[in-house]
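Note that chain A is present in both complexes that follow, paired respectively with chain B and with chain C.
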Partner chain A sequence: MLDGLRLYLRLASAGLRAQMQYRGAFVLRSIVDFGVMISDLGPVWVLSSYFGHLDGWSFAELALLYGMVSSSWALVELGLRGFENFSAYLLRGELDKLLLRPRSVVLQIAALEFEARKAARVAQGLVVAVLACIALRLGPASLAWVVAGIAGGVLCFAGIVMIGASVAFWTSGETAELQNTLTYGGSAALSYPVSIYTNWFRRAITYGVPLAFVNYFPALAALGRTEAAGWPRALPWLSPLACAGVLALGLAAFQRGLRRYESAGS
Partner chain B sequence: MIEVVELEKTFRVARHHRGLAGAFRNLVEARSELVHAVDGVSFRIGDGEFVGFIGPNGAGKSTTLKMLTGVLEPSGGRARVDGLDPRRDRVRHTARLGAVFGQRTQLWWDLPVIESYTLLRHVYRTPERAFADQLARISERLELGKLLDVPVRKLSLGQRMRCELAAALLHAPPLLFLDEPTIGLDVVAKEAIREFLAAENRERRTTILLTTHDLSDIERLCPRMLLIDHGKVVYDGSVEAVRREVTSERRLSIDFETDAPDAVPDGVAVEERRRARLVLRFDRERIPAPKLIAWLAERAPIADLSLEETPIERIVAELYRRSAAR
Partner chain C sequence: MGAVRPYLQFARLAFQRRAAYRMANATGVVVNAFFLMLHAQVLLGFFRARGIAEGWSAADAVLYFMASESLLLAIGLFPDWNYNLAERVRTGEIIVDLVRPVRLYAREVAERFGTAGYYLVTRAPAVFGIGWAIYGFVPPLRWELLLFPVSLALAIAVMAGLWFAACSAAFWRERANGEILAVVIVNSFFGGAFVPLDFYPEPVRWLANALPFRATLYTPVAIFAGKLSGTPLAFGLLHQVVWVGGMAALASMLEARGLRRIAAVGG
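On to the complex of A and B.
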């Protein structure tokens, strides 16, 4: 396990050094990333300052939602970048190379195309979340919910990128768009309280792809508003389970795909 | 030891309708058919052997090799490498295996070669000392010295191939699989690689399996060749034995001091004729070489001559023809 983690870090840092060979592109991408980061929070601020609040959520509370989901998603982007671009990698027929090495394939893919600049996004998400927690004067129990929500989000998004990557084994085509819809789309949607959405969409992200468990329910629990929002008081406790479930599904799907690949060939 | 029994691999290949209308039909009506890429292949390879796989494109060479590496799962039959199932025991198996797959690189494209090697040391958990020794030995043999600090993308194909080969051997595997290691290389680069492989096999008793289209690789390196066609082993034996078995034909090139004779004995074919030169093909069972030479010397004084065995290309072409006729 520890040995695996060490190898992951070595492979990831090799990817990083490779990118830094192209200095211009590296700097430019970092600048673009920073711009995107700043502009991300804009709409939330505009909406809440215009209406004073959004469906009963103050700006600080919205910032908490945003900080939680963007930390989770950025951590996954940082740690599992290879799964996001997996379909292209598979199409190029490069999976064989990983299968020829005596190490876990999942670990090797996770470390592909590691991008350290995503660490800046993690920092941005965490800073927003921390500032929101301070502004809201959250107690220890509430803080625990925030941390649990971020951790659960990591599991959930990790599961989603793995499921998305696995689809490539069957379609043998690009699946990046499909993944992006769920991940970038999901994390953008979750920057707002789930309650503002229309019925079918709310159900889809609660019972279908359980995105609502990433930040909405943990945030409700942290703010002590679960029942006020019309949900059973115990519901947020399902969050870790739902999120771990998505990850388990992702790992299983990927293993299935790998077996299919090994029996179908390139 | 490698043991392969009745190995099979069947692919399901989608059949597409043609044209734009066909493209829409493909969406609703998927047609596919089974292709038997490997169709009952059996062989045994002992420790320290150097075996060449040859066969036309699509004959099933690479598929067989991929099943032996554990990348592909057989559809039937079984493969064992030192008692390990290449797929179920993938991690243990690949730890003892070095592989170079022709056009694919296993090096990090943008990093200096030495950094790829260091990463591979960690991937294979090679002890530092053993790694240093092996690297020193191989880089001397393959003359990698100056290349180690160059990013892989800046290497020529020949240089890269040498680096790939070293990468596959740094964990000192007893088994080496090579898929087209000399493809696209110039004569000098080819020779460097061949010399290295021959030495690895001879001195370290590394078992080597190689697929190639370049039959001179086989002739130069492999005491044993496996010819595969249509997913089956068509021939398994030495180059010499197959040469005797397939043909007793030889070739005689001969330069005369005067004009070449107009006629040749019965059963001798003229491959090339110039004023003072003849290239003849003859069957040594029907007319032994000394007799043919004597016959010619009677008609014109001979300046120089050379006798050649049938080139391996012709032998292999003959084997293909036979397997197609079967």
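On to the complex of A and C.
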């Protein structure tokens, strides 16, 4: 395991060195990545300054939801990039190369195509979350919920990209776009309170893929609003469990896929 | 006529390049429809507090967003990361362009129109149809709707200029990914991709009216949704015409300067 981690760091730093070959372009791209809040959060700011609130959520509260989910998702994109594009590796037969090495396959895949600029996305998510916490004057218990929500989100999104990657063992990669709907689409959906969505969609992201547990329930707990929103007071405590469950499912699915894998041979 | 022929070819090839990826186009419809549904619910959620705002009803806002989401690919708000001018410069493929008697910017415009043609007959009606099936909103039939195709063509021309300007950064330092992403982000906000500019706070709206980005989206989409008439409509179209010229001038200047920077690497 420790060897695997060391290999992960080496692969990641090799990726960083490669990207540093275009230093000016890398710095600019990172700055621009940090500015993604202009197009993500800008419209929310426009609408909430015009209408005042969205279903009782002020701009600062909406920014908290956005900051939490975009931190989680960016951390997964930074740390597990290889799983996002896994189907392409599988099709090119590159998985065989990784299988030959006596190190954790999961960690090796995670480090593939490491993109250092994603750190700027993590930073922008965290900056938004911190500013929202300050604006909302959250106490220590609430801050703990925010941190727990971000951590849970990492587990949940990690599980989703792993499930997406595992599906590629069976479908040879035609499903990449659908995985994007769950990850990019999911994090976009979670930038708003789950309560605004129509019934079937709300149920799908609460009981189906438990995305609502990523930031909505922890945020409700942080704002002391769980019961007011019509949920049992203890429900947010299920968040870590639900998110860890998705990751466990992802890891198990990936192991099954690996066991099933037969190289095409070439 | 002979001078136009190569550009017609470029437009046709761009059309065919898009048509080649059937599966990706089908899943793209699903992704667009997902975001359409998602953001429509956000708009409806905000409007629940107030029936009509700035003369827009919730139905107007959703119709506007349906049109915006349907036309994203046709107008070209998202770049082709793998095949663009910047990548041709980086890989050295640009040398092939240079031996042809073809202007790079004119080629970009031609390719944008070819791409737009493909998405206008496939993606746009499919996504709008899904939105219509869910919400049942259609554009009001008014004479201003006749100006929509004109405005759409102007939008595509401005977008071509923006992409060309962003990609030409590669002439100076081989990569333009940062510039390209900056155009995506700034254009999406100041173009009103999600929220009509009418709702923007005063100083931001002034800024948006001066910048080129509203020409790529807000003007044609608001015309489609029946929310532009009279003086604002005239201003919108004039703004578009001015920026088509402005972007063409900027792009031509960048093309001339950039080409002087090119040094081919043999091999």
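As a convention for this text, the second predicted complex is superposed on the first by the 238 of 266 C-alpha atoms of A that agree within 3 Å, B and C clash if a C-alpha of one lies under 4 Å from a C-alpha of the other, contacts with A are read in each partner's own complex, and residues count from 1 in each chain.
Keep in mind that, in the parts below, contacts are C-beta pairs under 8 Å (C-beta built on N, C-alpha and C of every residue); 3 or more make two chains touch, one makes a residue touch a chain.
All of these numbers come straight from a predicted model, not from anything done at the bench.
Look at A:251: by the touch rule set out above, it reaches neither chain B nor chain C. After overlaying the two complexes on the shared chain, residue contacts for A:7 are found with chain B alone; chain C is out of touch.
With both structures placed on the common chain, the touch criterion links A:178 to chain C but leaves chain B unconnected.
Contacts of A:36 after superposition: chain C is touched, whereas chain B is not reached. Once chain A of one complex is fitted onto chain A of the other, the partner contacts of A:144 are absent, as it touches neither chain B nor chain C. In the superposition on chain A, A:16 contacts neither chain B nor chain C.
In the superposed model, A:126 lies in contact with neither chain B nor chain C.
Of the two partner chains, chain C is the only one that A:55 touches; chain B does not reach it.
In the superposed three-chain model, the partner touching more residues of chain A is C, compared with the other of chain B and chain C. When the two complexes are laid over each other on chain A, chain A has residues 22 in contact with both chain B and chain C. Touching chain C in their complex are the following residues of chain A: 22, 24-25, 28-33, 35-36, 38-39, 42-43, 46-55, 174, 177-178, 180-181, 185, 188-189, 192, 196-198, 201.
Chain A meets chain B in the complex at residues 3, 6-7, 10-11, 14-15, 17-19, 21-22, 93-94, 96-97, 99-103, 259, 262-265. By the touch criterion given at the top, residues 9, 11-12, 37, 63, 66, 69-73, 75, 87, 90-95, 97, 99, 101, 104, 106, 108-111, 115, 119, 122-125, 151 of chain B touch chain A in their complex.
Residues 23-24, 27-28, 30-31, 34-35, 37-38, 41-50, 53, 173-179, 181-182, 184-186, 188-189, 193-195, 199-201, 204 of chain C touch chain A in their complex.
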